[in-house]
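Lettered A, B, C, D, E and F in written order, each chain numbered from 1.
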Amino acid sequence: MLKRGLYIGRFQPFHKGHLYVVKRALEEVSEVIIGIGSTQANYDIDNPFTCGERMEMIRAALEEAGIEHKRYWLIPIPDIHNNIVWVTHVVSLCPKFSIVYGGNPHTLLLFEDMGYEVRRVQLYKSELYSGTEIRRRIINDEPWEDLVPPAVAEFIRRIDGVRRLKILAEAYEIDKKLKKA
Amino acid sequence: MLKRGLYIGRFQPFHKGHLYVVKRALEEVSEVIIGIGSTQANYDIDNPFTCGERMEMIRAALEEAGIEHKRYWLIPIPDIHNNIVWVTHVVSLCPKFSIVYGGNPHTLLLFEDMGYEVRRVQLYKSELYSGTEIRRRIINDEPWEDLVPPAVAEFIRRIDGVRRLKILAEAYEIDKKLKKA
Amino acid sequence: MLKRGLYIGRFQPFHKGHLYVVKRALEEVSEVIIGIGSTQANYDIDNPFTCGERMEMIRAALEEAGIEHKRYWLIPIPDIHNNIVWVTHVVSLCPKFSIVYGGNPHTLLLFEDMGYEVRRVQLYKSELYSGTEIRRRIINDEPWEDLVPPAVAEFIRRIDGVRRLKILAEAYEIDKKLKKA
Amino acid sequence: MLKRGLYIGRFQPFHKGHLYVVKRALEEVSEVIIGIGSTQANYDIDNPFTCGERMEMIRAALEEAGIEHKRYWLIPIPDIHNNIVWVTHVVSLCPKFSIVYGGNPHTLLLFEDMGYEVRRVQLYKSELYSGTEIRRRIINDEPWEDLVPPAVAEFIRRIDGVRRLKILAEAYEIDKKLKKA
Amino acid sequence: MLKRGLYIGRFQPFHKGHLYVVKRALEEVSEVIIGIGSTQANYDIDNPFTCGERMEMIRAALEEAGIEHKRYWLIPIPDIHNNIVWVTHVVSLCPKFSIVYGGNPHTLLLFEDMGYEVRRVQLYKSELYSGTEIRRRIINDEPWEDLVPPAVAEFIRRIDGVRRLKILAEAYEIDKKLKKA
Amino acid sequence: MLKRGLYIGRFQPFHKGHLYVVKRALEEVSEVIIGIGSTQANYDIDNPFTCGERMEMIRAALEEAGIEHKRYWLIPIPDIHNNIVWVTHVVSLCPKFSIVYGGNPHTLLLFEDMGYEVRRVQLYKSELYSGTEIRRRIINDEPWEDLVPPAVAEFIRRIDGVRRLKILAEAYEIDKKLKKA
C-alpha cells in the first residue's frame, strides 16, 4: 500500500544534505512530500530565494538525481506564527502522510505531540552541508558549488543568485554598522 | 526553449472542464503550472476540500489522463486580500512562466495589467462543468460523477466527501433559516 | 476523574438557549469550556458586542443561574480563516477537553474529523432562542428581554446596547439602500 | 489654534458628494484629514481603483477646487477586522485630530464611543452622488462624468478605468450565473 | 462599587512572582483580570507552553492559593504587531477595568498614554522569580520547583513539560551552531 | 512631463540626512513620494513614534525647509512579510512613479529586480545622521537636536518624546537583564 513521508526544510538553497534525506526517506516510503517552509521569505540574507525559485532548483536537482517525478510532491508551506497549530496547517496542505522525517528535533517534537510517527535522520557533515554555510561561502567568494547538486549550482548562477546574495550581505553589514554606531 | 503557462482555479472539485484547459494549454506550452487558489479554504459549502485533498485528486486525474508528471506543477496559492498585489504573490510562489490561461476575465485582467500575456480559454458547457453545479448535485443526490474524471469521483468517495458536503449543506440551511427568522 | 466539555458560540448576545446547553453539558461533564467565537467581531449588526462585554454578560448570567465558577471556563476564540486548522487553534487555547457539544453540525463535523467525540444538542425553540431573532427584536422595539437571562438584559441596558444596535441597523439600511440605488 | 477634522471614505471613486463634505469641514477646522479606507481593496467591482490611484484622483480634484495643499492630509487606512480597535488604528496613522465628520452613523458611533466629537454631515442627493451609483453608470454606459469633479473624470479615462470596470462587471456576472446555475 | 485591575504577562510558566502581583492587586481591587499575553506562542524555547496549558496552570495555582474564582478573570490576549493599537485590542477583550498593574514600564507607558491609571509593582527578587530563569534551570537540571507554586510544578511534570523544554533547547543549540558555523 | 521619485524610510525620527535625500531627489524629479515604512511599528525602542507622529514631523520639517506641498506626497507603507511582494504592495499604495531613491542597497535591489530605475544616494556622515544614533543620544542625554531639522526637535519635545524613549529604553534594559540572568 502507498505510504508517504513528509520532509520539511527551507532549502535556501537545496543542498546535498537535503538530497540525502530525500533519498533516505524514499528507501522506506513510496512517496516523499517535500515541504518548502517559510515560503513567504525571500530576498533576505537568510532566505535569498523565492519559493518559486526553490521549487525550480529542487525539481532540477531531483531530476538530475534520477528520482522519478511520481515519487515526490513539492509543497510550499507558508509560515504561521503558532507552532502547534502549524502542524495542522501543514497537514491541510499536504496529501495524507504517515511518517515525518527530519534532522531538527523541534519539528519532530511538534508532529510527535500531534500523534505522528517521526524519524530523526542523522545528517552527514551538517556543519558543511548547511544552508547557512553555503550562503556564507557564496558571500565570501569561497568554494560552494560542491556542496549543492550541480543542477542547483547552475540554477543559482543562471538567476544571478550570487550577485543577489552579495547585495543582501552588503545591506546587512550597513544595517549592523548603524545599529552599533 | 522551455515555455510555461499558468492556470489558476479553486478546483472544488477538479472537473472535466479544468482538465480540458490543462490539455489545451499543454498544446502550446511545454509545462503548465496549476495554481490551487484559496488554499486556506476548506470544510465550507463552497470549498469542501482541503488543499491537500485537491492536490491528491488533481494528480490522480492527470495521471489517469496520461499527462506526464514532468509537464505540470501543482502549486498551492493562499489568498491574500489585495488583488493587484496577489499577482506578484503568485509570481513569487511559481517557477517562471510567460502565459496565463483562464476562463475568468478577472484573473486575466490582473495579470494583463501587470504585463503578462494572457489567453482566454472558451469553456465548454461551463454551466455544467462547474464546481458550483457539481457541489449542488452531490448535495441533492443528483448524478455528478460524469462531470469529473473517474479518479476524482473515486477519491471523493474514498474520503467520504459526499457525507461531508451534505453536512456542510445542512449547517448552511440552518444558518440561513436563522438569518431569516 | 475530571472530564471537560467544550461549547462554542458567538453569544451575540448570550441567551436562554445557550444557558440550556451549558446546563445540559454540566450534567455529563465536570467542567464546561465556553468558547467565545469571533472575538474580533464587534460593533457590527450581526456582532454588536465586544468580546469583553460578552465575557461580562455570560459570567453574570451563570452566576445568576447558580452555576459555580469552578465548573466553567470562558475562553475567547479569535477567528482564523481555515476551518480545519481552526480546530487545533481552539485546542491550543483551551484546557484539555474530551467532548464537544453544539447545535451546529458544521462545528461538530470539524471536531469529529479531527478525532473528537461530539454530541449534538437538540435546541429548544431555536427560531426563538436565537441571537439573530433577539437582535431583530431589539432593533424593532419588540419584546426581547424574556429570551435572555435577566442578568444579560440588565447588562445590555446598562451599556446602552439597545441604542448601539439601532445605530448599527440604521447604518446597515443606508448601506443597503446605496447598494440597490 | 490648529484644529483638525477627520473624514474617512473609500472614494471609489472620489465624487462631488465627497468634495462637498471636505469643503464643509474646512469651514470649521483648519485642516482636514482625508482617510482613504480599505486601501488594500482594488480591482474588484466595488473597489475598482488602487489606493495610489485614489490618492492621485483626490489630489487632482482638490487642486482643481482651489483647496490649498496645506489644508488637507491624504492618509491611506488599511482595513483591520475589529471595528472598535480600528478606531485606534486610525488614530495611530493620522496626525492629531479632534472632530470626526461623516455621513455614515456606523463610523461616527465608533469614534463617539471612543471619546471623539463627531459631526454628521447631511449628504446632498446621496442616492446620486454615490460610488455605487457612479460605478453602476460607468458599467452600463450611462452618463456619470457630471457626478465627479472634472479632474476625476479625466483621471479615470486616462488610466482606462472604464474598461477595467466593465471587465470586472463581466467577471462578476459570470460568477453570479455560475452560483445560480 | 466593583473595581477591576488588569495584569498582563506571558506566564511561561506562572511563578511565585506572578502570584505575588495578583495578591497585591487583590488588596486594592475587587477583581483582577489576568491577561495571558502572546497566546499564539507555544513550543518555542521562550514560550514552551500553549495558552490552554497556561490557563490550566494559573487556575490550579490560584485555587491552591485560596483565591476565590469570582475574584479573577483569565483572558488570552493574542499578539498584534502595533503597540499602541494593542491597548484597545486588550480593552476590547476584557471586562471593563480601571487600573493596570505591572512590573514592566513598557506596558504601563502604553496604557498610561491611552488614559489609564497604572501602578508599577516592585517585584521581589525579579532575577530569581523570572520565567527566563526558571526555563534555564529546567533545561539545565537545576532546582526550579521552589520558584513556582506547587500546583504549577505538578502540572508541568504531568504534561511532561521538562522533556519538551529540553528538546526545544536542543533544537535551539543546533540552530545556533549552524548560524555560527 | 511630470516625473515622480520614491524614497522610503522609517523616519524614527526624520533627520537632516533624510531631508538631504528629499532635496536631492527634487533636483531631478518634479514630485517625490516619501514612503513611511513600518507604519504599524510604534512605542518600541527602535520605532518610538507612531505613523501619525512621523507624518506630522515630516510635514513640519518640509514646510520649514521651504519645500512646496505640491512637490511631495507622504504615504504610510505598512510592512508585509514578503520582500518581493512588498514592492507591488508599495506600488499599489503610491501614485505612479518612475525612479526609486535610497541609501539602502536592499530596497534598491528589490525595485531593480521588479523593473524599476533606481538611484543610490550617497549619504553624508551616515553614522551621525542616523535614526539609531539619534535615539541613542536622546536616551543618554547627549546632544541630538542638531541632527534633526529644528521643527522635528520641537515636535519631539512637544509630544514628550524624550520621556517616551527613556521609558522604552528602561524597559528594554530590564528585558535584556532578565534574558541574561
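In the analysis below, a contact is a pair of C-beta atoms (placed from the backbone, for glycine too) under 8 Å apart; a residue touches a chain by one contact, two chains touch by 3 or more.
Being a predicted model, the structure only gives us computed values, none of them experimental.
Shared contacts of chain D and chain E, meaning chains that touch the two of them, come down to C, F. Any chain that touches chain C and also touches chain F is listed here: A, B, D, E. Note on interfaces A-B and C-D: more C-beta pairs are in contact across A-B.
Centre-to-centre separation between chain B and chain E, using Cα means, comes to 45 Å.
Centre-to-centre separation between chain C and chain E, using Cα means, comes to 27 Å.
Spacing of chain A relative to chain E, judged by their CA centroids, is 35 angstrom. Multi-chain contact residues of chain E, defined as those touching 2 or more other chains: 42, 50, 82, 84-85, 92. Contacting chain pairs in the structure are A-B, A-C, A-E, A-F, B-C, B-D, B-F, C-D, C-E, D-E, D-F, E-F. On the chain B side of its complex with chain A, the touching residues are 39, 42, 50-53, 55-56, 59, 63, 68-70, 73-76, 78, 91-96. Considering their complex, residues 81-85, 104-106, 109-110, 113, 126-127, 130, 132-133, 136 of chain E touch chain F.
The part of chain C that touches chain D in the complex is made up of residues 40-44, 50, 164, 167-168, 170-172, 174-175, 177-179, 181. Residues 82, 84-85, 87-89, 92, 114 of chain D are the ones that touch chain E when the two sit in their complex.
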